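Both of the next two complexes hold subunit A, though its partner changes from subunit B to subunit C.
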Partner chain A sequence: MAQLVETAKELLKSGKVSYIIGYTAHGDNGTKPFIARTEADAEKLVFNHHCVNNLSVYINKADIPENGNIGIIAKGCDIRTITMLVQENQIKREHIYIIGVNCNGQVKDIGMNWEKENVAQKCALCEVRTPALYDVLVGDLEDFEKPEPTTMQLIQQIEAMTPKERWAYWQEQFDKCIKCYACRQACPLCYCDQCIVDKNEPQWIETSPTSRGNLSWNIIRALHQSGRCVGCGECSRVCPMGIPIGILNVKMNMISMRDFGFKPGMNINESTLVGSYNFTEKENFIR
Partner chain B sequence: MNEYIITSTNINQLAGELLNEGYNVVAEAEDGTAFIAVAAGSNVILNPFGKPTNLSPKQYIFPKTETLFYYKKSQTDVEIIDPTGLGHKTVIFGTKPCDSAANKILAKVFNWDYKDEFFNKRVENTVVIGLKCGYRDAQCFCTSVGLSPESGEGSDVFLTPLENGDYLAQTITEKGAKFVEEHKKMFDAISADKNKPVPMPEAPAKKFDAAKVKVWLDSNFENEFWDGLGDLCLGCAQCAYVCPTCHCFDIVDENFDYTSGRRVKNWDCCQFTMFTKHASGHNPRSVQSDRFRQRVNHKFKYYPDRFDMILCTGCGRCSRGCGVGMDISEIVQAIDNLK
Partner chain C sequence: MEENKFEPRIVAFVCNWCTYTGADLAGTSRLKQLPNARLIRVPCTGRIDPIFLIKAFESGADGVLVSGCHPGDCHYNSGNFHARRRWMFFKELLEFVGIDEKRVHFSWVSASEGKKWVDIVDGVIETVRAEGPFNEYEQINKKNMIPIE
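Right, the complex of A and B next:
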């Protein structure tokens, strides 16, 4: 992808950014996150169907150099999280140089072949193949076959359950949790300096990966994301136990859309759902 | 070592019988995420050519959470109550050599100065029915840490898949021999026309020379190699928790109410920021690269120093499961290539 490499080289050369967070080829059939600090590094940047990671997770983890900005290669869905980070005052828009890419679909996980059944679920209903926000846009849109929306089907299945069945379903799922916190660490919007599960004076949440401790963690994680999660799916992807935790957020976003007409990360000039209030908002819970 | 034949039907029968005898029976889950309890009437999954489960079977020897004791306080006294069910008889079916080998490695640290009765009881009461491995991918590196996909090391009974679908069962330990003896009717004698083993792919090529790597680690705690190594690591515990040999734990008290509770031992991980954070706020491993250096050194230097064993079986789980493509074998290989 010559256009991407050239853009990156130019940005590093001109000093507009001090480094660029991007993807580089890794293994037979994949990519991994990569930091390009020099023009020679920039030669190693790639963008294709295997750029699964939401790199905006690194924005909060990186030390932003005082006299320089961070460059980031980002898909439309990842840019929605950058938008959220700006709206939630975690970064200054002018400190981030966004190299937006026209995205032609991504595989579910690193190293998978580009085939219809391996296309990530978030691509099924994607509205931001051309990002809503960027400083420079690279790549061209090409058609690709959308996957079956199995996530939505699973949500419908769970919605059709009785509360008792639903409880049993999630108990079984959460019992698998080993509390590795990969979901938290991979999430760009889980940025608390000290996560509530790491607070021990007082200990709000049991640290043990027992049924009770796991339920506390997973529900709190999901609730802290409502109206904020952009559905990048990284939490579900990195879960070693295959727990579909991301669908809790998808469901809550369906509710925030239904009740407040709000979709996170779509418009940088809009206020966030949890950070704002207006008189037309429904208050169905007070009756 | 004795050799027998066991048919797939008899493996399932054996599992059923063991459940009747009150054993926990454990094998791979259908979705490949972990080893789970086999329910009565369901089949034992043996997966010699499949990818190792995401989570190693370590949890049956060293559970993710384990009660050390319960306590009840009165005005004048504290009553300590032992947990029940410790060291329940368990049979694990189908662990690959990279998993079976782990228990002996872990036994070193759990019997170092303090003998961990929880660990030892579980090991004592567990029969490991290992399985020859025919799975190879870019993350496999058992041969680099002195193991082999065809090794019975760590198994009590070792199974080799045969071309007719049966398995050759070799007793490796006395415990294994006794186990087979007790369930003799499930095992057939080897006949002259015994079936051929299924051919296995070539063992994974050696990725690095662990002895040479250790020499470098011995004198390079401070080295620019480590700088920035952990920049892209997200600092979760996936690698440690799926690992068959990582064994750090945290001990906490959990109160049920004002007068009772339990003391519990939970998995912990050196990649967490909190792992080494002092009460003062100081953190001696302040950046992720320091923490990743610890991971490499613990596995390839400290453990060999202390116990003459590498704290790694080369199963590749940590790398396969890493969300950001951190690959310990690539990193150790890079160290090997330094000079």
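Right, the complex of A and C next:
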């Protein structure tokens, strides 16, 4: 994408940004995260169907450079997480220069071929192929074949089960968990300096991968993401055991949509869902 | 008393300013209530981290009750409003992972509602008693152990 490289070069030359977080080619048909600091580096930037990583995980308020800002190449879904980070006062909007990209779908995982069955689930119901927020927009929209929304189908299947069946289903899934916390590390919105599982006085969650600790961890992880998760799908992608943890977040997002008509990260001027309240709202479950 | 009859263990997280005082009123008014609920007093419902409820289930609670000031009555102005949103997600999440909704209860009880407190506690205890014991969470680790012959 010549347009992307040109834009990046100009930004670095003008000193608007001190570096650009982007993607570079890696392996046969994959990409890897890449930080471009010079114009020569900018030549190596790419954007295609294999840019699966959500790069906003590399934005950290501690890393904001003193002179210049951070440039970031981001898809629509990644920009929603940047919006969330701004809303939650983790970063200032003016410190981030967003190079928005018109996204034509992404593969499920790095190194996969661009075929219909390899298209990521999040692309099935995507509404932000043209980002909602950006400083400069590059690329053109092209049609692509969207995958079947199997995530939604799985949620409906689980909802149709009895509580006992649901318990058994999730037990089977969570028992695979090895507590590697890849889901936490890959999530741009899991930015706590000390995660609740790292606290040991008192120890709230068992740290060893026991069934009970796994269940508690996965419940709490999903709860801490509720009303915040933008559905970038990185947690499910990085899970080495293939647990569909992302569907817990999707389920929580369905609730915020149903009860509040709220979609996280769509409007930078909104306040966050769990950080605000209305005097009157749904409380039919409270006696 | 019947031998081995199931007595549910209910953990009740109550706010200091309304429900705890309401429960106190129930006591001083000599209202009769079932003894299965253990009260844990917290400053505000906004202080109740959902991990408390998880920990209660981990430790073998059969049911959990969370209670605080009515909306608008919070001693700290907005604690219960924030709590209400959190519970909305939490309740549905627990249901989604297979913990029956009949084991998690929420209520607003003010300092003057001693009678309401008694009704709610008795109601929760009876609901959970009908559901039977919930030790799946507590004993979840045992299912993977290899029994010694």
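Heads up, the rule we're going with is that the second predicted complex is superposed on the first by the 283 of 287 C-alpha atoms of A that agree within 3 Å, B and C clash if a C-alpha of one lies under 4 Å from a C-alpha of the other, contacts with A are read in each partner's own complex, and residues count from 1 in each chain.
Methods note: contacts are C-beta pairs under 8 Å (C-beta built on N, C-alpha and C of every residue); 3 or more make two chains touch, one makes a residue touch a chain.
Worth saying up front: this structure is predicted, and the values here are computed from it rather than measured.
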{"item": "First (subunit B), second (subunit C), both or neither touched by A:Met241", "value": "first"}
{"item": "Which of subunit B and subunit C A:Asn53 touches, first, second, both or neither", "value": "first"}
{"item": "Which of subunit B and subunit C A:Ile178 touches, first, second, both or neither", "value": "first"}
{"item": "First, second, both or neither for A:His26, with subunit B first and subunit C second", "value": "first"}
{"item": "Touching partner for A:Thr210 - first (subunit B), second (subunit C), both, neither", "value": "both"}
{"item": "Contacts of A:Trp167 with subunit B and subunit C, given as first, second, both or neither", "value": "second"}
{"item": "Footprint overlap on subunit A, comparing subunit B with subunit C", "value": "210"}
{"item": "Touch list for subunit C against partner subunit A, complex", "value": "50-51, 54-55, 58, 71-72, 78, 81-82, 84-101, 105-108, 120, 136-138, 140-141, 143-144"}
{"item": "In the complex with subunit A, residue positions of subunit B that touch it", "value": "31, 33-34, 54-55, 64-65, 138, 231-232, 234-238, 240-242, 250, 252, 254, 264, 266-267, 269, 272, 274, 321, 323-325"}
{"item": "Complex interface listing, subunit A residues touching subunit B", "value": "26-28, 30-35, 53, 57-58, 61, 110, 176, 178-182, 184-186, 198, 203, 206-210, 213, 234, 237-238, 240-242"}
{"item": "Footprint of subunit C on subunit A - complex, ascending", "value": "158-159, 163-171, 175, 196, 204-205, 210-212, 215-216, 218-220, 222-223, 226-227, 248, 251-252, 255-256, 259, 273-274, 277-283, 285-287"}
